[in-house]
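What follows is subunit A paired twice: with subunit B in the first complex and subunit C in the second.
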Partner chain A sequence: MADTTQSGPMLAADGSPLKRSLSRTLRRQKLRALLLIAPLLIFVLVTFIIPIVSMLFRSVENQIVSHTLPQTVEALQEWDPNSGEPPDEAVYQALFFDMFKAAEAKRHTQVGNRLNYEQPGLSSMFRGTGRSLDDMGEEFEDALVDIDPSFKTSEFWFELLSGEGADSFLKDRRAKLAAMAGESMRGDIGFAPSAKALELLPATTEAYTDFAIWTAIVEEDVVAEERPWEAVYAGLGVDLRSAEVVQQIASYDGPGAAALKAAVANIDQLPQESFRDMFAESDEDWLDTEGWRTMALYSPDYTTGYFLNSVDLQKTIEGVEARPETQQIYIKLFIRTLYMSLIITGACILLGYPVAWILANLPLRTANVLMILVLLPFWTSLLVRTSAWKVLLQQQGVINEILVWLGFVDDANRLIIMNNATGTIIAMTHILLPFMILPLYSVMKTIPPTYLRAAKSLGATNWTAFWRVYFPQSVPGIGAGSILVFILSIGYYITPEIVGGTDGVFISNRIAYHISSSLNWGLAAALGTILLLVVLALYWCYDRIVGIDNVKLGG
Partner chain B sequence: MKLTTTLMASTALVVAAGSAFADDHAKMADSMTVVSWGGAYQKSQQNAYTIPYAEKHDGLEVIWDESSAEAVAKLRAMDEAGSVTWDVVDVVAADALRLCDEGLAIEIDPEKDLAAAPDGTSAEEDFGELLVGDCFIPQIVYSTTFGYRTDMVPEGADAPSQICDVFDLEKYPGKRALEKRPINNVEWALLCDGVAKEDVYDVLATEEGQQQALDKLATIKDEVIWWSAGADTPQLLADGEVFMGSTYNGRLFAAIEEQKQPIGMMWDAQVFDLDGWIIPANLPEDRLKRAMDFVKFATDTQRLADQAKYISYGPARASSAPLVGQHAELGIDMAPHMPTDPNNAANTFLYNYEFWADYRDDIDAKFQAWLAQ
Partner chain C sequence: MLDSQSSDAFVAFERVQKSYDGEILVVKDLNLSIPKGEFLTMLGPSGSGKTTCLMMLAGFETATHGKILLDGVSINNIPPHKRGIGMVFQNYALFPHMTVAENLSFPLEVRKLGKSDREAKVKRALDMVQMGDFGGRRPAQLSGGQQQRIALARALVFEPELVLMDEPLGALDKQLREHMQFEITNLAHDLGITTVYVTHDQTEALTMSDRVAVFDDGRIQQIDAPDVLYESPKNSFVAQFIGENNTLVGTVKEIKGEIALVELDDGELIDCKPVNVSAVGDRTLVSIRPERVEFDKNRLKKGTHTIKAEVLEFIYMGDIFRTRLRVAGNDNFVIKSRNAPDQVRLTPGETIEIGWLPEDCRALDAP
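Let's turn to the complex of A and B:
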């Protein structure tokens, strides 16, 4: 007997400890369960969560400015926005080279559009100047070619700037270009910048390296055979403006020395105009500090600007301030959306409760017929239902005609029940009514009619019996219906757009406008995020007050 | 065994034939998705462009998508997703400019990519200043103008004929339908508030000017029903909901001539706008070739003139104007119904693309805030 007693852990049939064996089985079961729901999980993740998160991310993302105009943004750090003076030459010079590349990639207009959301006028400023960049560079090119025709040849530049020892520089240029163009700049380019050239002619080498990467990878041409961008000539022009460079060229004897020396000898033939003047010539608004302040304000990679805009505030150099009254609209729309959704929910309860009660208490056969009437609108397109309301509600519409015919309303003073908040409330209440009736019905179905009879036989009046006995049991249905109707109505925009006129539109209408019309997706995302947060907050409040366990969709 | 061999042999044959066929046609895709606005307009394009084009190119499948109203947003989303499914897209010029700015449409070289006029005039000259931006291929000139109910004109008054009659509630009481956006409305408001035509955009560029326009609109605000779809105004006019309203001239033409509604055209201060094609960026080689080929065909002189048989929009080429004939079904002369007809174009306005590209969002925000007041 004694040797059959074990003091160690209990063992399973295969001799392993029972505890481990059990947990292994459990884990396997859990894994299998997970595998079963995996398709749905992945589906929801890919088609729902990821798009929503990426869309919400746009509400703070602002990399386009610093990626497209990296050197300008850097140079702009030195500028004092409150000085009342436009930035100095270094910024304009950086802007020329940044914008030249951006124009090659057609990105400059995108920056212009982005900044135009904050300050009107910048869009055409960027677009217009984008067209004159080539001319600016050509002035340098023409002057240099006049001095020495070898500047015209592609081999000259390739030999002058090719070499080795500047790998990290090349890598850096690749990264910058890739960020600007939004595509990979990896691959062989058939050119390596020389460290010596970079030291001697920094701006030229930089412009040429960018040109080389772009030509080889995006245009898929051979660098050595292509004539460089006008920006490369401008780069040399910029380099030659430095006395130090001029001095060093005197003792330079590498490739292209003769041409460089000729350029130094005829330096007065090169354009002397500052980049600031050239930009001002293209569009005098480049001298306006407002545009530069906007650029400085929106140069960081992430911005709170969209969120501030969506609550009628604005970012300024001095800090956050309220928008002028003539532009305040979003807070008003948020409040209106919530307020009208509440009214619609209330109207749905008032209209839906008796209908659900009748449905729940009629014999099944009749109830089913009536149920079809409730569901019928579900089977009709939303647009059709809304348009039908238009026919009914307009001033020459069915309702007004009948009222005038009955003599309730004077022909000259027909009711205005469309193209305003009333229209939205009427149409949306009708459209959302089934969402209230169905949960109410399924909850009421479970309330035994005997309770009411018992209450009455114990002496309660009809009202007391209803209010003290029946109603409390139907509250979970009201809760479920209200949540459904309220959350659905907050996001509606087709119906308010069609029958809402001006004071019956919701915040979703503005979101739709920014998504499809103004293309200001950042602002749309910020507005959407706020709406989502408001709904979550209301849901939380609801849970605290009513308790989410008290919500029933059925049985 | 025998069956398998036969099957294999025939499969090989089909594959070989298929690839041979593919080699021949590698240059152009066999199907093409054209995006347009739906309705009578799209039908006119089918009649004038795609049906004749498909007759010339056997086996070509043309798929229509009625998404032009959201074309810019959808193209941007497609581009971000990395798969553009549209080949040719019909958009208004302002949208073409945006698409071009965003790098979502390819640039067009009119000399190379578009057909010259029959008399040899180059496409660039033939389209003239209607070539807005670098990506836009003009197709029609349409206008936004006013229509009014002829049976609702107050007794003793002349039919409204001036743009400022819209703002004259004393002489012409009744509801008006205006578009629920600032474009066109603010220009009309300023014109009727004493601003000279050539100064309108300079004034509108200032805060005070924008306020002035809104203040003028405020004088009729209570009598305005704001529309957002082009079909709204003809419907409101037909129902007698409004006395006058702005919309596209083709919609009014259809209401007057095809549905015989008691509606008159005002034409005064009509705003010209353009509609045309763009080709999305980053198309595969074969689809791009097909799209370019189609667009070249669809915008030649004869094709543009043909479209005017089905809808009252003016062809964008100067050389097409003399070829405009009669309506295909009604048999009436189309020329007098064109917005570009000299009798209709006595006082016109050309949509200012650059200005609205800059100020659209700003003025729209103010306009919407003003509407909500």
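Let's turn to the complex of A and C:
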């Protein structure tokens, strides 16, 4: 019946190639399978993959400095950090305009905080100076208004700077502002900067354009009707410091020419103080080169700084160097986390193995009752269990009281088993024990008792039979339990926090501290990334040494 | 008599009792002696206590009462690993994490033999079961029959004088099982070891053993050579348990030496050999093997009682014919006849006269 003489590809009953019709059938099956797992896939993607990727990204991301202080960062390129001198006036001038905008968006404190991680003190410097920026601008405003009252009106500025031909400039300002504020700056602003004005009065136009975008989009006001920022007055003041601009104004006849000419005529009434001096007046630390070095170091968009920090190193202008000894904590914490996790895993094996063995060898009914005792901790809140340990372990706690009462421990020398590593190990071993017992139990359940009998009938003592025959077969359970317990304990946080004191805390406590207290998310992300890599590396080693096929959770 | 028996026995159970829960005796008053070199099979339905006996001998269960002697020494308090008894388990119990050679080497290692000694013995044991090339494999890579051989080799490699086997062929298919039965018996006889074999398969028991002990209800019902067991069952349990068996129920009318006259419940009279009936008027279960029933009058002895039978079914089985009859109200009376050229094929509905030699018909205790 089969067409054995047929050459070429096999055909299905309908004449289409068999391969194609097979793959069509399979494709439908695959598609259905995919649909079935789609909800979980999406869930995992949203709640697991994306947060992890975002965390990895945060550990190197450093755009806040260059986004908030773009012109300053650019101007700072010219500065030689090793000169021992603070940067020149152009940098301070750029800083004024950047900070003014940032202060409007209340972003300057965030840059301050970011830089404060690297050099304590910068935060208050930024915050303090942010408050005096208005005063700096007002000096220009007052002087200009004194010279010509038309400077006071909103129409004057609008007419002076409105025009056309500077679309790309506007686009650039929008983009910079959007990056700084972290929100979209798209939309109609009812103002278009004039190319001529930009050429004549660059600083003024820049400041006014920023003001216009901000007013129209963020504050949703009409640009032409609003008094401009003090920064715009300062911009004009800066522009008028240039002899070239003064010269060009003489031949200028556009809108506001009279007022500009009046300003030029009375130029000596304008504040002559440099921005550097103004900043120094606000906070003399602005003259300190250390702050500027930090800013220059952390101005790129991406930084290795967080990672270096995580391993007790620091970035300096000269390169990477070790942190001062008093600030080195992370390596120590990583090592402590690893070795305490190992101790906890070991303790779980020692305590869990006999329990699992008994459970696996009892009649099913009794085993189930005992299994409930093993699982009972799972049904109690972690916090409650840990707090219970606190009650048990403290110096006036149950354990000490009993030991003193029994006379094992002298009343004056009560055991200190809390707020140190011992406390963490005791409490965490208890809490993680079920994660060891369950895989061990399910693996031991599958080892028939005849193996032990066989070994004994062959002449092995109880111990030899156990060690040579039973134990090797239970290793997959130990492996699975150990991986579970070790990885769980490496990332444990609540228990060390409550019973660990200072000697018993883990790296995760530090991560939590940076996430919720110091708000140094970059450092927290870097620490978390390192932790993740360590776990992956250990997993890889385990696979190499024991083989991941040898891990069984049951069956 | 008991004592003289056990003094020259290699293995002896003396008044052994076993209870797991303190209420029910799983083994009731077991007395058994096994001479050196014998192949003894413990046969019985599940729950009859045969495996418990084996486990007591191996040392995995302790006797509640009585003594178990090995070579004249009580082993009640000797732990299993010091008894030096080889054992083959139902599911082989080959250690999955060791290679075949390591499995075989294990009993030698725990006996602290030198490496070269061990290797030589392992090789010899593997060759003995024709598995010489499989030393490096893991048990999981072997077929059921191969695993069986390895389990056997492992039980023999340390040269025990007594080997216990707990339904070792249960997991094999029929053909392999028959082949292995043959190999195990040969090996046991060649090596001259004493073997205690537990099975619930009567064919296995009959083909392999020097003697078979039939267990039921915690007691040995009969212990005899296979042919004796088959042909001369001592009670109705053994008769029904071993081989196929026709039974008729009746009352003893008369006992004259080697012949008893039994009146069946429908009034027919038959001649039987009285086995465990003693008095006239006893109720009895009469047992006749299907192949000993004769329906050709010419082949029956003169004067033999015959009874009427109605043919219900004729089954052609190739080597034999199997005919189901209704005899004295029993619808399951079966006769087997050889497929010979002159053999008569009975047709359903036909009524015939059947008879047998009085010694083939055994009057046993009524259940």
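The rule is short, and it goes like this: the second predicted complex is superposed on the first by the 545 of 555 C-alpha atoms of A that agree within 3 Å, B and C clash if a C-alpha of one lies under 4 Å from a C-alpha of the other, contacts with A are read in each partner's own complex, and residues count from 1 in each chain.
By definition in this document, a residue touches a chain if its C-beta (ideal position, glycine included) is under 8 Å from a C-beta of that chain, and two chains touch if they have at least 3 such contacts.
All figures in this text were calculated on a predicted structure; none of them were measured in a lab.
Engineer: Based on the superposed arrangement, let me know which partner A:455 touches: subunit B (first), subunit C (second), both, or neither?
Structural biologist: second
Engineer: On the A-aligned overlay, A:332 touches which partner chain: subunit B = first, subunit C = second, or both, or neither?
Structural biologist: first
Engineer: Just to be sure I read the superposition right, which of the two partners does A:516 touch: subunit B = first, subunit C = second, or both, or neither?
Structural biologist: first
Engineer: Pick one for A:109: touches subunit B only (first), subunit C only (second), both, or neither.
Structural biologist: In the superposition, A:109 contacts subunit B only.
Engineer: Under the definition above, what is the set of subunit B residues touching subunit A in their complex?
Structural biologist: 69-70, 72-73, 76, 98, 100-103, 180, 205, 211, 225-226, 228, 239-241, 354-355, 357-366, 368-372
Engineer: Where on subunit A does subunit B make contact in their complex?
Structural biologist: 105-107, 109-110, 112-113, 116-117, 120-124, 127, 326-329, 332-333, 394-397, 419, 497, 501-503, 510, 513, 515-520
Engineer: Would you pull the subunit C residues touching subunit A in the complex into a rising list?
Structural biologist: Subunit C residues touching subunit A: 58-60, 79-82, 84-87, 89-91, 93, 95-97, 106-107, 110-111, 154-155, 158, 164.
Engineer: Of all residues in subunit A, which touch subunit C in the complex?
Structural biologist: Against subunit C, subunit A makes touches at 448, 450-451, 453-462, 464-465, 468-469, 472-473.
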